[in-house]
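Multiple structures are listed underneath, in structure tokens.
Next, two complexes with subunit A in common: one pairs it with subunit B, the other with subunit C.
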Partner chain A sequence: MKKKFLLLLSCLAILSLALVGCGGGEEPAQENEQQNVATGELVAGPFEEVEGLPVIQAPEGFDWKQFEGVELNLISENTPPSSALAANIGEFEEATGIKVNIQQMDLGTLVQKVGLDFGANSSKYHLVYADPYQILAKYSSKLANLNELNGDPSLPKIPGGLDDFIQSQLEIDGYMGSKDNLYALPYDAPTMVLAYRTDIMEAIKEDFKAEYGYDPTPNPEMTWDQYYEVASYITDHADELDVKYGTGHQAKQYDSLMCDFSNILAANGGDYFKNRDLGGIGAANPGPADMTSPEAIKAIKFYDKLLGVAHPASKSWDWNGLAEAFAAGEVAMAPEWHEFASMFENPEQSKVAGNVAWTVLPKGPAGSANIFGGTGLAINENAPDEEKKAAWLFMVWATSPQAQLMILESPVGGATPSRTSVYELPKVKTAMEDPSSEEAKAMPNLTSMSATLEAWKIENSYGRPKIPMWPEADTIIFTELSKMLADQQDPEATAEAINEQLNTLTGN
Partner chain B sequence: MSTGKSLEAPAQQQPQPSGSPKAGGRFKRLLTTENLMLAPAITVLASITIFPFLYLIYASLMDFALAMDDPTFAGLRNWVRLFKDPAIAQSWKVTLIYAVVGLGLEVIIGVGVALLLYATPWGRNIFVTLWMLPIFVAPVVAGLLGWFMLNSSYGLYAWVLQLVGINTDIFGNVATALPAVILIDVWEWTPLITLIVLSGLQSLPSEPLEAAEVDGASYWQKLRYVILPLSARIIVVAMLIRSMDIMRFIDTIFITTAGGPADSTKIIGLRLFEVAFRFMDIGYAAAIGLSMLFVTILLGQAFVKVMYGR
Partner chain C sequence: MAKDKLTTRKIVTRVLILTALTIAMVWALLPIVWMVLSSLKTEAGMFSMPPKFIFKPTFSTYAFMFDEGNFGQFLNNSLIAAGSSTVVALLLGTFGGYALARGNYRGKKHIAFWIISTRMTPIAAAIVPLYLIFANFHLIGSTFGLVVAYTTFNLPFALWMMMTFFAELPPDMEHAAMVDGATKFQAFYRIALPQVAPGLVATGILCLMFAWNDFAFASVFTGHDTQTIPVAASLLVSQTGIAWGQAMATGTVIILPMVIAGLAVRKYLVRGLSMGAVK
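Showing the complex of A and B:
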């Protein structure tokens, strides 16, 4: 009898274990699928609501002040969204009692500080501006899995759900290697598009058309070869125009040079590695390099030729230097990050305000390629649970459509939202469609938005390889390109040098 | 009882090994008041210099590339890489040019100005104060000033150069970038040489100079045979201080050129910074750092030998 009882008990135990085991495998998938579905009744949080945007909600009875007194440190690049967030942080601090210290610095210093913080397994910085290439790709194991926080029934959910983010940006900013874990939420979305002077284009239009047979005004159908012709023409006729050079570039021996060149590389159908799927969720090992392909060599040759007619100071400009030069009226056209639109339209900072228009970058044989430079916001995995949850409340607010709209409208901000719902608002639509409208004046960054939305289309967007060793790869690329621009080596030797060093770096 | 025990001779009670009393005596001699008072300072100094130095040696034998908090043993791999890496050789080459030209200019101008100030009969303090101003500017600010002055869009010097027909971009051209950063360094640190040399000149004994004057020596003869030989040591001290600094200070270059164009301004200190804090390759950075330390020690020893005439 005792034996039978024990046998029955054993069978029941095995059965329950099997059931738990089977259920356990499916649970995360179900959780992922249902993470946007409220588990209980959700009620609006203590934040200002905007008609037409998803509301920040929490489970009924949720105490928004439960983490009162917690102090969080956010480390961010000195970008417009962080300035806008810092200027409006009072709303969040008042609603939650959580104090947020926003520290802003250049990206290089940020990467250094975050790397040291992670290396020491510390949590000095609870919230991290997680650049997908220099932080997310290298330190994803040090970032909290946001799916767990978003799936926690006791915490607020992402307002509007993950579907409200621009999906290509969510993939680049949020994941690494696979979609099992979500490490960051899209926070800003700078993308390279083409800025040009409308007054210069008007001035040369007729003569240029008579000579070359087409309108020089940049448009989505323009090719890089045509761009070169227009740039050369303007430089040659600079004495008659209110400008010094046709084109300017961010070709300083720095990250900016790699970004500037990547647009032309991808437009020619080339890429840094043979594996062309590295730009989205990324991979730990990229495989062999592909910089000696005919497409890559063609792109390198063209870039060398293009820089030959560009403003000579291009070789000492990063994106800021180029923006200052464009605003000073030194160049007529410039591939530049779209978030400089507010600077170009500000008469206090720009001589060319009112004379700037934007379009996607010119086409190559493989179409137009516009490099994406957006970044996500992440939580330090080393932080204690209480601080992690407090940081989650901040994430929910900072990446909400309301906060994104606030950043867009902020006089110290001007960044563009990463939420689709914001672009559906009537005033935002008006600003994008009519650059002369009051709405556009209030949100000057939207003057570049039509071009940027076009650039975000999958066929026009380019994401650089998201691999853990990207900082080294980036340095190899821009150093060798810089040597070529300094006439120390020809394009073929440049391609060989980059290819060889990338393969050595990745062990291929 | 304790009093009874203390009366007995310890040597008779417990035979000691022959070396112990001597060692104990030496230890006792070390426990002097001055040594005890110095001990906290020496302990602090040791902890902030010796421990990091030993850790640096350890780090140079480890691989931190995959995970900073979990390094793996790399043996001499970082050291072999150090001697094979063409980028390191290029950085040492740039450092050599930067140090020799920069230091040379700083010594020539610094000593020249010091001699002028030494000979100035009035207003020396005002001139010294004005001349010293750049030293009080942080190297980062010196870099920013250089950047603003030479910026091709709005820089004052760039504008002047354009007026005389020079249209090149100073920091974007291999031929001009290195001279530009050297000149910024010269602008900032020449006054330090002047300050050190001037203090040496002011403490020169007056008798040899008076004797030379009585003998009817000209200024150049006094300079050649009296002033310079007597102040040679202080000039070497100034050179020693600056030569060590010149390898460490990367701020100006970091702000103006970031090492470019084409690595033409990437001195070894900047390369070290890049490997350590951009690539987070701490093991390789430790090997580079130790090689810099070795070169600095050699340089210091060479200057000391020159100073003592050996």
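Showing the complex of A and C:
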């Protein structure tokens, strides 16, 4: 009886293995009979041209429809540029015959799905929204080297070349560990800057100036200490003003808390690790942590103090919560992602439309630091060659200046471009310079762009450490900071706890 | 005097019970009522302070979701995935449960426990191996894959539940039927099955609820065209805000079928749940 039972179990095990095995393997590559014969001169592709922007080009004779019938899956966070691309995908599909399914979701689910897809050596998702910290740093070996595709003489080139991308963003979004391989192209570019209410600043200007001796209106020269004074002043005089608190923060026990705090940490000259070159191309091993440095401790103490005068609900807000509170007129100032500008200027969503201005975040001893939160678009290395090439055509189009302008102008998009050439267009310049212009009304996100362009300058930009274990490090940081904000530990203990855990995490 | 005291105590007890019930009811129902009312307001009306309970309802959010969004498709996917997996689990679970309850073979108890133990696996632990298997069979992104995933979790549950219901029935009537010439299948189909109908309904509703409300499997195994309503609800939270109106309307659509189904079979549900394992 026992023998029979064992025999039955063995049969079942063999059958299961056989079933798993027989279904497997790579998808058969859809070998296309039509060979690419393109060589020589570059000529414009079948896409609408915009005067003043580099044209999408391919070698003469290139057949844009050679991948007709190929179906690509793009997995993306639920972001405005992806919604805009989905709404306008017809232009690309018509020109190439390639079908693109754009699947959007929250970042956590995306990271899980991409991780599973890469883990299974599958290519369910050909095109990946490659968050630099959660995807690129961890899975760069699973992403195709775009230098090879861009250098392939038979394929279209990046219109305007790599130089047309904002260089600091290309470094963060595109590379990992070295510049040998290019893994992603900058696709969106949210950056934290300071939103403030102009009507409130106007209302307190004279009295504040008389008491403190300087103009309270936020400007690039404002320091964090001054910010604290202005915030406290507004909170103290809230009864006389159309606002409840001077400042609001995204200090929920979540990634947003790390982002909010990082601005102050870097402005004070501190960083999470002693190696200060991790914010660009990143590194596999960051070396020892640096959260017990005098600069870091000073930053933690200041953040604790600042949250003491902020809207009490700040501790339960992420960026969405803070944006809604700012739009509802609850707070006068808010360090916030610049792409919330369109929401703040929409009278249907915001009570403060027309009374919002933006500037870079206040300075510390080391200057202004504005954390960058942009993402690149990458191709799954596991995809068969044919699909990889089809995905490259999509990349060329989706990250082109034309598509970036389309995203900017789209009613469902509104995200700001990652291409310098777009910012040179006269209508874009007008919108950035004159918030009351028709152009600004059509592209409301540009009202925060002057401040954002300033924030993108190397001296003002902050990139969090790009290391494979960043998601875990992020959790350590916001968890310990959150304990401090809940009065469960003091700033020194917080610094010690973060430092120790980061070192344990990284093996230093 | 003693009688008066008793009456007063009774009244106080009743008042306390009623108060506790009222609090529990408000606690449970207020968020749902709030959600349903909010889904019938404009975005501005949703956040007006003080909140309005009497207002002119608008179905614009629902109209937008069905006309301009893919909501009809999401609803369809949910219905197919949840419905199919429930039918499969009930069908196989009923046969399997009967066999386990009435069969007489060595290791029966171990087999029954082994079956239910598969249900004890956390979904998070099952997702990775399932993904690898599904990827091999090209089931990722298909509704069929989702039905398979739900069935892997619903079938052991249905089997165990049905086994308990059948085990509680005295076998004498089935034996009598067989003495009268009925086959084993006829005894099962005509005698035993009708008697466990409330249990069958309760099991079906619980299986349906698991599949209908699932997010974990659906978020991983569905593709662009096969997303279910819970996945669609998660899309309403984007990098730059939350579509509150649609979120409220989606929540209403998610709970509505389960509430209707629950009310329709309330009688069977209570009887079923009290006759079997879930006491």
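Assume the second predicted complex is superposed on the first by the 469 of 508 C-alpha atoms of A that agree within 3 Å, B and C clash if a C-alpha of one lies under 4 Å from a C-alpha of the other, contacts with A are read in each partner's own complex, and residues count from 1 in each chain.
Keep this in mind: a contact is a pair of C-beta atoms (placed from the backbone, for glycine too) under 8 Å apart; a residue touches a chain by one contact, two chains touch by 3 or more.
Computed from a predicted model, the values in this text were never measured in an experiment.
In the superposed model, A:330 makes contact with subunit B only, not with subunit C.
By the document's definition of touching, both partners, subunit B and subunit C, reach A:120.
Residue contacts after overlaying the shared chain place A:112 against subunit B and subunit C alike. By the touch criterion defined above, A:225 reaches neither subunit B nor subunit C. Residue contacts after overlaying the shared chain place A:104 against subunit C, while subunit B stays out of touching range.
Once the two complexes are laid over each other on the shared chain, residue contacts for A:483 go to subunit B alone; subunit C is not touched. Common to the subunit B and subunit C contact sets on subunit A are residues 112, 116, 119-120, 324, 328. Across the complex, subunit A is touched by residues 64, 68-69, 151-154, 167-174, 177, 257-264, 274, 277-280 of subunit B. The touching residues of subunit A, when paired with subunit B in their complex, are 108, 111-112, 115-116, 118-121, 138, 252-254, 311-317, 321, 324-325, 328, 330, 471-472, 475, 479, 482-483, 485-486, 488. Residue ranges on subunit C touching subunit A, taken from their complex, read 43-44, 47, 106, 127-128, 131-133, 135-138, 140-141, 219-220, 223-225, 227, 231, 234-235, 237-242. Residues of subunit A touching subunit C in their complex: 1, 20-21, 23-25, 27, 73, 77-80, 83, 101-106, 109, 112-113, 116-117, 119-120, 122, 124, 190, 320, 323-324, 328, 337, 339-340, 342-343, 348-349.
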